[in-house]
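Take a look at the structure set out below.
Chain nomenclature is as follows: A, B, C and D, assigned in order of appearance, with residue numbering initiated at 1 for each chain independently.
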Amino acid sequence: MITPTATLLVSCPDRPGLVAKIANFIYANGGNIIHADQHTDFTTGLFLNRIEWQLEGFNLPREVISTAFAAIAKPIEANWQLHFSDSIPRIAIWVTKQNHCLLDLLWRQKAQELPAQIPLIISNHPNLKYIAEQFDIDFHHIPITKETKSEQEAKQLELLKQYQIDLVVLAKYMQILSADFVTKFPNIINIHHSFLPAFAGANPYQRAYERGVKVIGATAHYVTKDLDEGPIIEQEVTHVSHRDTVGDLIRKGKDLERLVLSRAVRLHLQNRVLVYGNRTVVFS
Amino acid sequence: MITPTATLLVSCPDRPGLVAKIANFIYANGGNIIHADQHTDFTTGLFLNRIEWQLEGFNLPREVISTAFAAIAKPIEANWQLHFSDSIPRIAIWVTKQNHCLLDLLWRQKAQELPAQIPLIISNHPNLKYIAEQFDIDFHHIPITKETKSEQEAKQLELLKQYQIDLVVLAKYMQILSADFVTKFPNIINIHHSFLPAFAGANPYQRAYERGVKVIGATAHYVTKDLDEGPIIEQEVTHVSHRDTVGDLIRKGKDLERLVLSRAVRLHLQNRVLVYGNRTVVFS
Amino acid sequence: MITPTATLLVSCPDRPGLVAKIANFIYANGGNIIHADQHTDFTTGLFLNRIEWQLEGFNLPREVISTAFAAIAKPIEANWQLHFSDSIPRIAIWVTKQNHCLLDLLWRQKAQELPAQIPLIISNHPNLKYIAEQFDIDFHHIPITKETKSEQEAKQLELLKQYQIDLVVLAKYMQILSADFVTKFPNIINIHHSFLPAFAGANPYQRAYERGVKVIGATAHYVTKDLDEGPIIEQEVTHVSHRDTVGDLIRKGKDLERLVLSRAVRLHLQNRVLVYGNRTVVFS
Amino acid sequence: MITPTATLLVSCPDRPGLVAKIANFIYANGGNIIHADQHTDFTTGLFLNRIEWQLEGFNLPREVISTAFAAIAKPIEANWQLHFSDSIPRIAIWVTKQNHCLLDLLWRQKAQELPAQIPLIISNHPNLKYIAEQFDIDFHHIPITKETKSEQEAKQLELLKQYQIDLVVLAKYMQILSADFVTKFPNIINIHHSFLPAFAGANPYQRAYERGVKVIGATAHYVTKDLDEGPIIEQEVTHVSHRDTVGDLIRKGKDLERLVLSRAVRLHLQNRVLVYGNRTVVFS
């Protein structure tokens, strides 16, 4: 699996022949499929598909694949994306003061668990600059106040453009993005420190403690205009007991947060996540 | 551990000497402690304690222990309960139409996992009468409508009294008990088919499906006047994916529900659960 | 998904065009695929595939599908099975004295979680006959001694034939089947009461206790001539602590055993398990 | 809980009055107990106890507590340890080439999850020296060959003495310590990359893959002369599937390893682990 692959993510109204159509497109051009998975959502009548094949021996030049597949996609009214495994996405990680998710992502990137470049870290506080320096990554401190928010978001968007960022990862960024920002840059993954929809909003660990729950969780989701309501990619939980103080919940939660966020980012980077409505198909 | 034991559950304001005081009471009377566990809740300043000792060789006759301990409990302002392991509690199981939790509890009682008698099953529907007959347990069909609710609750209370019931287990009883009922009979455990506080209220699996969660759960809690807000005893979760329909969530949820409910009932019967405020200490 | 479906399980040497070939076969005959999943095992160079489609609207009559697909399968050197969702398999459950797995399977069959008939229970002890009677299932008591084993196995094989059994489920059957028996009837699922390969053989809970493990497990696997070495279908685990006696491990283990066994049987009945070498692909 | 505490870990033959004796010792000297937990192992007849109290207001000077408690411990034939929460243990971390456990421990120490100093890193390879430098910790490269082993172990022991090390943590140190070494320095925690006793020895992930298990695990244990046989402190597991290659098992295993090892080290540092025979009581 060392040779480069192409991956198609396709969703369209279900009808007979879709698997054959897509598989034939690849086979007819000499491609060898290494992963093919499909899901039919019967409540929405949607066909959702992921197909990955080796580019070695594939007869179509890369730059032509899109055009060629478009001819197939149009009559079946498909939404689709095409990705190449050797075209490495560029991530911007946004943080505030907590370092655990940031360090975890950076370590995994170095350990080649995350097929991505990370050229940019943005924070509303200067605290984590030293980590950016350690890893030789550009760090931009962009403080946010109510008054400066829209102006600062413009600056952030400018940076994303300048660094050619494909994906923003909110790794404990404790600010809410405006609806306008999300519209302009919709490719954002956030980690929420609770098992959504429980304890949406602020201070989830304090509220979990007060409610006396026996399990806590963390949720990675795409960011939409509605806070904490975006499509969920991954969730994980751990047991807690009466012995756990709020501080213990926060400590245990950190382990969940870094696991869940890194899994979600990895799945996204492998083009295994397909969003439809407010739900995701995770082809794993 | 075959010989009978006594168990004290104690909660009182924290101060030095409490462990010694309680342990001395038992030792001075010749008791051998087989389980002692305590928890200090620093946010409320409460000392919470469970202590269990063998009655064999204990110098105080059973009927005197309460009086003797009351003398110790008063100056430390303690709330406390005394239980004997060979005094078997009597459970009424309440159901509607689903049989999985009922069957599970009955099987565990037969398998001696639950130290309790189950002389009574109450249902607002007649469907599960055949199970009561199979296990030779009295079954009372008490249908509930808005109009008859208060009258029928009076009947239910009368039955609990008549059968000398110590604990009501709501094993998928799909009716809400009135605040008045809960005040008159406060010893009730319910299974809620979600990971509370997520999806409190009706149709949690449908709503979990719509939200696209990746984990579902079940919650066993004591019933209070506030629906789905009582102290949580036990929670468990399981992973789900886009492949799971609402029907699959319901199926997987049933496995969670019977596990969680039976664990909670067992913990309660072993006098391992101490409620304070809206929280529980589970000495396990 | 109420209408009947056909499912093909295919394994063959990997080469380009396999997904297309199989999908085309179905599409060309008017079938609508509702589940298609494939896996390529790069260490063995095997292509492993599951494809399920609706028979409604499929142009080939059922009795012809096998012959038609054989023509495709031969040149690609495929091993394959064809199953129809409305052809309900017949299960024989084998037990000894413990009833938890048996009752769980019977309850799930009644609850329509297991698409199978269960016409036969075989045991080397008479203890669980009462359950067979309750569920109106034939019960055969076939005691086994060293001397009578081969003779009794002949009797067992005869019964499997007579009842037209497709699958034997060893639901805590505490006897070892001879290699000869397994050769003659290879379709057998067993539940082993440990997390294999830990504690293979006898008394796993006792040995787990002695080793002081913090997690115990259960394993459902196909039975082969080598005891506890067959292909694993499903495993599950639970945490234990120093407080758990051997009796507690056994009790907690029962919950694992019934969950794991029923999941494995369900996956098998849905034709989601493909064995290759000593491994399984579980298309779930 | 900010004020310093003392903790007693006690094991002795079970008899009446032990809880009272120990609690009285603390109360009589004005101590306020903040954690008391005991376990009776009925198979060995052992009483095992952990008790922690605030030193503020305790009448005995620290240097006298040991002598005073010895008078109580002697007649009850107790093994016991006394620890002060503000006496910070010194850890040496031993590594080979993999950095994930090392980085995790260092991060947790900085995040104040591990109440310890880490003045020393020892490795049989030079690869991770850069991390030691980043964290400003002394790094000693001590290569091991069959011929030099005993000589190098002498050097290692000398370093442990020189740095006044209390605990050695083998954080993926891929060398076996000699029985002699373990006798001379018995306070060692190791992370084994499998769910022991499954896959003891070398290459556990490769063997787990070949066996086709559906769950993998990691085990933290104290090191004894018998390889992979020491008392288990903590175990954790995760699900895997046919899609996971050996490389995926290794990747998922790393997450388990760092979680399990750090939990075990934390429990040890909080004096929550009591070893008896080849088992542990974990008072958590």
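Rule of thumb we're sticking to: a residue touches a chain if its C-beta (ideal position, glycine included) is under 8 Å from a C-beta of that chain, and two chains touch if they have at least 3 such contacts.
For clarity, every value in this text was computed on a predicted model and none was experimentally measured.
Chemist: Kindly list the shared contact partners of subunit B and subunit C, in label order.
Modeler: Chains that touch both subunit B and subunit C, as defined above, are A, D.
Chemist: Taking C-D as the reference interface, which entry in A-B, B-D or B-C shares over half of its contact pairs by residue number?
Modeler: A-B
Chemist: Would you mind working out whether subunit A and subunit D touch using mostly the same residue numbers, over half shared, or mostly different ones?
Modeler: same
Chemist: Among all chains, whose Cα centre is located farthest from the one for subunit B?
Modeler: That would be chain A.
Chemist: How many angstrom between the C-alpha centroids of subunit C and subunit A?
Modeler: So the centre of subunit A lies 37 Å away from the centre of subunit C.
Chemist: What is the distance in Å between the mean C-alpha positions of subunit A and subunit B?
Modeler: 42
Chemist: Would you pick out the residues of subunit A that each touch at least 2 other chains?
Modeler: 42, 243
Chemist: Under the definition above, what is the set of subunit A residues touching subunit B in their complex?
Modeler: 39, 41-43, 195-199, 210-215, 217, 231-237, 241-243, 245, 278-282
Chemist: Taking the touch rule as given, give the residues of subunit A at its contact with subunit C in the complex, in rising order.
Modeler: 1, 14-21, 23-24, 26-28, 30-38, 40, 42, 51, 57
Chemist: For subunit B, which residues are in contact with subunit C within the complex?
Modeler: Listed in rising order, the residues of subunit B that touch subunit C are 100, 103, 107, 111, 113, 134, 243, 251, 255, 259, 284.
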